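After this come two complexes, each holding chain A, first together with chain B and then together with chain C.
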Partner chain A sequence: MSENKKWYSLDLGLNKTKKSSGTCGCGNAEGSCSSTPKKEEELSPDEFYEAAINASIGEERHKDGFDQVFDVKMDRRSAFRKLTASLLIGAGAVSTSCSVTTGDKSKEKAQIDWEEQFKGNYKLMTDEEKQGTIERLMRSYELRTDKNISMTAENAAEDVLFGYAFNISKCQGYMNCVSACVEENNQDRNSEMQYIRIHEMKDGEGFKFDKADDNYYHEVPAEGHFYMGTQCFHCDNPPCVEVCPVQATWKEEDGLVVIDYDWCVGCRYCMAACPYDGRRFNWSKPEVPENEVNKNQHYLGNRMRKKGVMEKCTFCVQRTRKGKNPACVEACPTGARIFGNLLDPKSTIRWVLENKKVFRLKEDLGTEPKFWYFMD
Partner chain B sequence: MKNRTLIYYVVLLLGISLFSCKEKDGYHSISDKIEGESRPYHGNLSSEDLLMDTELIQITEGEFTFLIPERKGQIKSFACIECHSKPVSQMKGTTAQKAHWDITLNHANSDAMDCATCHNGEDMNSLNTLTGKNIDFNLSYKLCAQCHSSQFEDWKGGAHGKKVAGWAPPRASNTCVNCHNPHSPSFETRWPVQYNTQKGIERKEGLDH
Partner chain C sequence: MGIFKVFKSLVIDSLDTITKGSAKYHLWMGFLTLVMLIGMYCYSIQLEEGLSATGMSDRVSWGLYISNFTFLVGVAAAAVMLVMPTYVLKDIDFKQAVLIGEGLAVAALIMCLAFVVADMGGPSVLWHMIPGIGVFNFPNSMLTWDVIVLNGYLFINISIPFYILFKHYQNKEAKKSVYVPGAILSVFWAVGIHLVTAFLYQGLQARPFWNNALLGPRFLASAFAAGPALIILVLAVIRTFTAFKIEDKTIKKIAMIVTVAAQINLIMLVSELFKEFYAPTHHSESAYYLFFGLHGKTALLPWIWTAIPINVLATIILTFNKFRNNLKVLYVCCGLLFVAIWIEKGFGLIVPGFIPGPYGKIVEYLPSGIEIGVTISIWALGAFVFTILAKTAIGIELGELRYKDKNAENV
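Moving on, here comes the complex of A and B:
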């Protein structure tokens, strides 16, 4: 991990090389760093770490986004407790550094939690710091579940700007894209969160979203209807980004509008600002059965979210930054979904934009969605 | 005095010019940006790994060169002449085993099309154009393009037809018969693959919008 981090780090002695015997790092003449407890109520070092960390950031270790931010009890007693705890940590970490047996799991967990708690905004991280946080997240998952995930932090590639085109004449309303998206992106199964909506609309009435049905269940395509899909359009001038008070959501170089789930405070301003119903909020703790978790993850993409944070379509950043198509494009059996690099004059999406009559939703708002509709 | 007004004007002008170009990346719209930054992609991302397991052939149609899946290896009973050793007319009514009972032609109406529109009874190993020329089974799209010319244009450009593998070059596209059954080309009606029960409940309770 880099030396000049943007957050405080807690040294629990995990990275310490063994000190020569007899000296403690505490610099304290009295007291001891030996293992013989003097008083009965004295904690073992391990218990001490756990207790100290729990006392200072304990609630955050068990709570998620929304609770973290709005449900903080801060009466004088707990404020005092926290203060003492932080002091204890400062002193304790040093004073016990010589008796540490390294590799203790709960200690490592605590260390990770601490580092994660005080890390910076992903948007401002150096590549090294990005690497650091994904490594911590992978290790943390392993410590908690005994399973491994692979998480990456690929940056936007040069000369790439992602864009999407949707052929309204081709969509048959099968919803294969919706299912594929849920599986790919680890969306909450309890609330049945879905990024994509397929709207069934009446022929001859144009786009009437208030009269459309996005939860039909009958044989499709139904007589006299057409189908069109919506999701986050990755606007080039995204209003959702403008309103975020903490800059937890932003536009990347390749045009993807992304969210740092660990920086989001759950205020839902962005949801209100999006004119396209592109964002989804975790009202409860998102859950995915362990055997259904997609373990190929990206920090900005399908990694596990928590309660109280915003999420949305990322054009499958974990796939597209590797050259693949988003899961919805791959799942569509009719070829209604076209994805590609807008800057490459030889890409198929460019051909569509230049040769078909394309349009976008609410174009007059100036949001510049990178998601075009067209017909045969 | 004159100097002062001059300075004043200069400052004003500077201020205006600063405020008027507010666009962050210097473009007024996404189409300007696409035009301004357009360049053939030569980056590191590629679909080659994803295409490794698919047998592909390269075709060139007009200005477009891209890959399509090889077909003959996918047809179970190829090569056709293993059975069709004689012209079809001579095989009719013989005691030879019946075949192709699973095929019913549901493509245009019978006045416009029958088996012989695409197959040549004298040479079953190739397809047959309207003017009687042979077409390799791997290039069957040429046959479709005889009637479906607008779809053909869209397919060449990439607006029709699903891509194989990723967005990154090289481009590989499904050919007509990868998605459409040539004997019954239209898509069938079926049930959606999912239903959102939560949304259903919310709607029933009037919580939806």
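Moving on, here comes the complex of A and C:
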């Protein structure tokens, strides 16, 4: 589709909508307006559909290759498991013979811990395997705390591509989004980890991030200031995904850039590669008081993390895949935050992109963020 | 079967050699062991508490470990500077030094791997990186390239000297047709390991300080100055403490390599400084921070203003034949150069890459005590490994270690 381009450009997936509207009101996807309608006439619907899918997720289709890659990898992995199974039996025998008080529960816990330690990459799991791991994680939580959590492994829905818009004129710097995010996503309370940063900037100086204050404690809105929030932008061409040595982070079909916390080895290469300060690392064991834990969890989202792994904003995958807005959008008292499906022509986000003068940060880097800023 | 018997005898003999020595030798090894034990204690604290035990943070997410890793890749690559003249250019002088150089490369690579493991958040799941049972993101991630080239280089640098020593151990000549192709391969491979390591940083559009085309070549130049400088110092120590003969001619030739590499390194430094400061852009902020400090934050100034003058001074002194050929001056210069380049690669390259952060925030970095303890102990590990390798190699080369065929004795 973009044979003239030497660099990556975001396919907003406008072509992916099955019914094309004929008129094209998008003023944002560079160059696609003039070229797309012509192409539509040249291609048959089937070819066009194929080409559109290739353009948007083609690379993934080759890389993922569930059917080809998966079998081989799992075979070897299970071979590895079998090799270590004897070790397990040996270790188990030793522990039971040495310990008088080993109960069924601790045995079950050990079994779960073992299987969790040697499970595969979530990205390459079948749906049954995904189900298996979330059941183990839920059971493990129950065994440890006697409380139940609900965790899902919901996959991306079809014809969905999530996008975000931020109204700089409306934001007053209240930071309700920040606290809502922390509560929703079970972030470490000790280190006060926050995915969202609100930058307080001086009027008349423009977007001077280096002079902005992202750690203020005074009353807002402060006179002569305006506010601007940053978080993970869920780039369409994410540099963090490319650099991960173990594919522990990837872009889902609905555009969310996610991390398998259990697969991450903690090298922090993605952190160095992110131009937007979008990633966080668990420098110590993350802790959330039991009564503050959000128990509605998603494997890729707000489930409990461990020390030594990366995490980041997932656009609240546990909410958005159920059709709800992310916590930050819901918490914002000013309506500065807009979230929606970019592929739905009737969505608010599409209206904003088509009717406002939108821009993105550091566009020259070619990362194609799915996070736009605009002003009233 | 014969080979296994010889191998077994070699292992026993070398164990015998490395456990015997002068009082100084035992003191040295005991000291290294003590340092390693202290480091292991520090690492156990880091494992327990997580990487919060280090000075790193979300803003400066790589520190002393990755700095040392980067520097040591260069040291490892420098072994090639001895291999090339000996095997490819057929300059016989170097042959004695080559085994030492390759031993140094092996020790440096082991240190590299140790530093990477020390930097990992989850060392227990490192098997995720093993192709086959894990997922190896090749060729997309430069880190996977680095894993391949480093391990490949380690293999080459173990196998070539091992083959030669193994043959000499049995009183046989090593066959050139076997090891010369390997040596030639290692020449290219050495350039590869350092270039790939540079690409690790160079490929990040998020970090303008690293995202420049000169990074790779400059890595090579500084490595080929610091690595052979270390080799000269090591050869000097070996000359003093063992009967292993190393001619002045050899040392002077290596000194020539150090000098030329150091000169090229300075030229590149000038080019870099010109680009950053003649027409400064937003992207020059890291360089400003490094050399002059930014918004009153000046933690790196003492480091870089120590490194640059030392570097320039040592290079100028080495440039004059008269000084360079004076071994005492040469040793001092090599020591200075080694320290200067170590600072430049660590505090001068890795840390400022993160400062200022993506949105201009400046959070400074200072390594914690735990981090320093682990770092020193990994250096001690390297010295320990190298001492063992060198002692065995020297024993074989001097003819002290020889395979005694039992059948032959019976006759």
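Basically, the second predicted complex is superposed on the first by the 274 of 376 C-alpha atoms of A that agree within 3 Å, B and C clash if a C-alpha of one lies under 4 Å from a C-alpha of the other, contacts with A are read in each partner's own complex, and residues count from 1 in each chain.
Operating definition for what follows: a residue touches a chain if its C-beta (ideal position, glycine included) is under 8 Å from a C-beta of that chain, and two chains touch if they have at least 3 such contacts.
This structure is a prediction, so every number in the text was calculated from the model and none was measured.
Go through the superposed model and pick first if A:E219 touches only chain B, second if only chain C, both, or neither.
first
Return first, second, both or neither, reflecting whether A:A248 touches chain B, chain C, both chains, or no partner chain.
Only chain C; A:A248 stays clear of chain B.
First (chain B), second (chain C), both or neither: which does A:N341 touch?
first
With the two complexes superposed on chain A, say which partner A:W263 touches: chain B (first), chain C (second), both, or neither.
So A:W263 only meets chain C here.
Quick check on the superposed pair: does A:P275 touch chain B, chain C, both, or neither? Answer first, second, both or neither.
A:P275: touches chain C, not chain B.
Taking the superposition on A as described, I'd like to know which of chain B and chain C A:P239 touches: first, second, both or neither.
Only chain C; A:P239 stays clear of chain B.
Using the touch definition from the top, say if A:H199 reaches chain B (first), chain C (second), both or neither.
Second partner only.
Based on the A-chain superposition described above, do chain B and chain C contact any of the same residues on chain A, and if so which?
191, 214
Any idea which chain B residues touch chain A in the complex?
Touch list, chain B to chain A: 29-30, 33-34, 37-47, 50, 150-151, 154, 157-163, 165-169, 171, 173-174, 179, 187, 189-200, 203.
What part of chain C is in contact with chain A in the complex they form?
49-52, 56-58, 61-62, 116, 119-122, 124-126, 128-129, 132-137, 140-144, 147, 200-201, 203-207, 285, 353-354, 356-361
Any idea which chain A residues touch chain C in the complex?
73, 76-77, 79-80, 117, 121, 123-124, 191, 197, 199, 208-212, 214, 230, 239, 242-248, 262-269, 271-277, 280-285, 307-310, 365-367
Under the stated contact criterion, what part of chain A meets chain B in this complex?
157-162, 165, 167, 170, 172-176, 178-179, 191-192, 194, 198, 214-221, 236, 319-325, 329, 332-335, 338-353, 355-356, 368, 370, 374, 376
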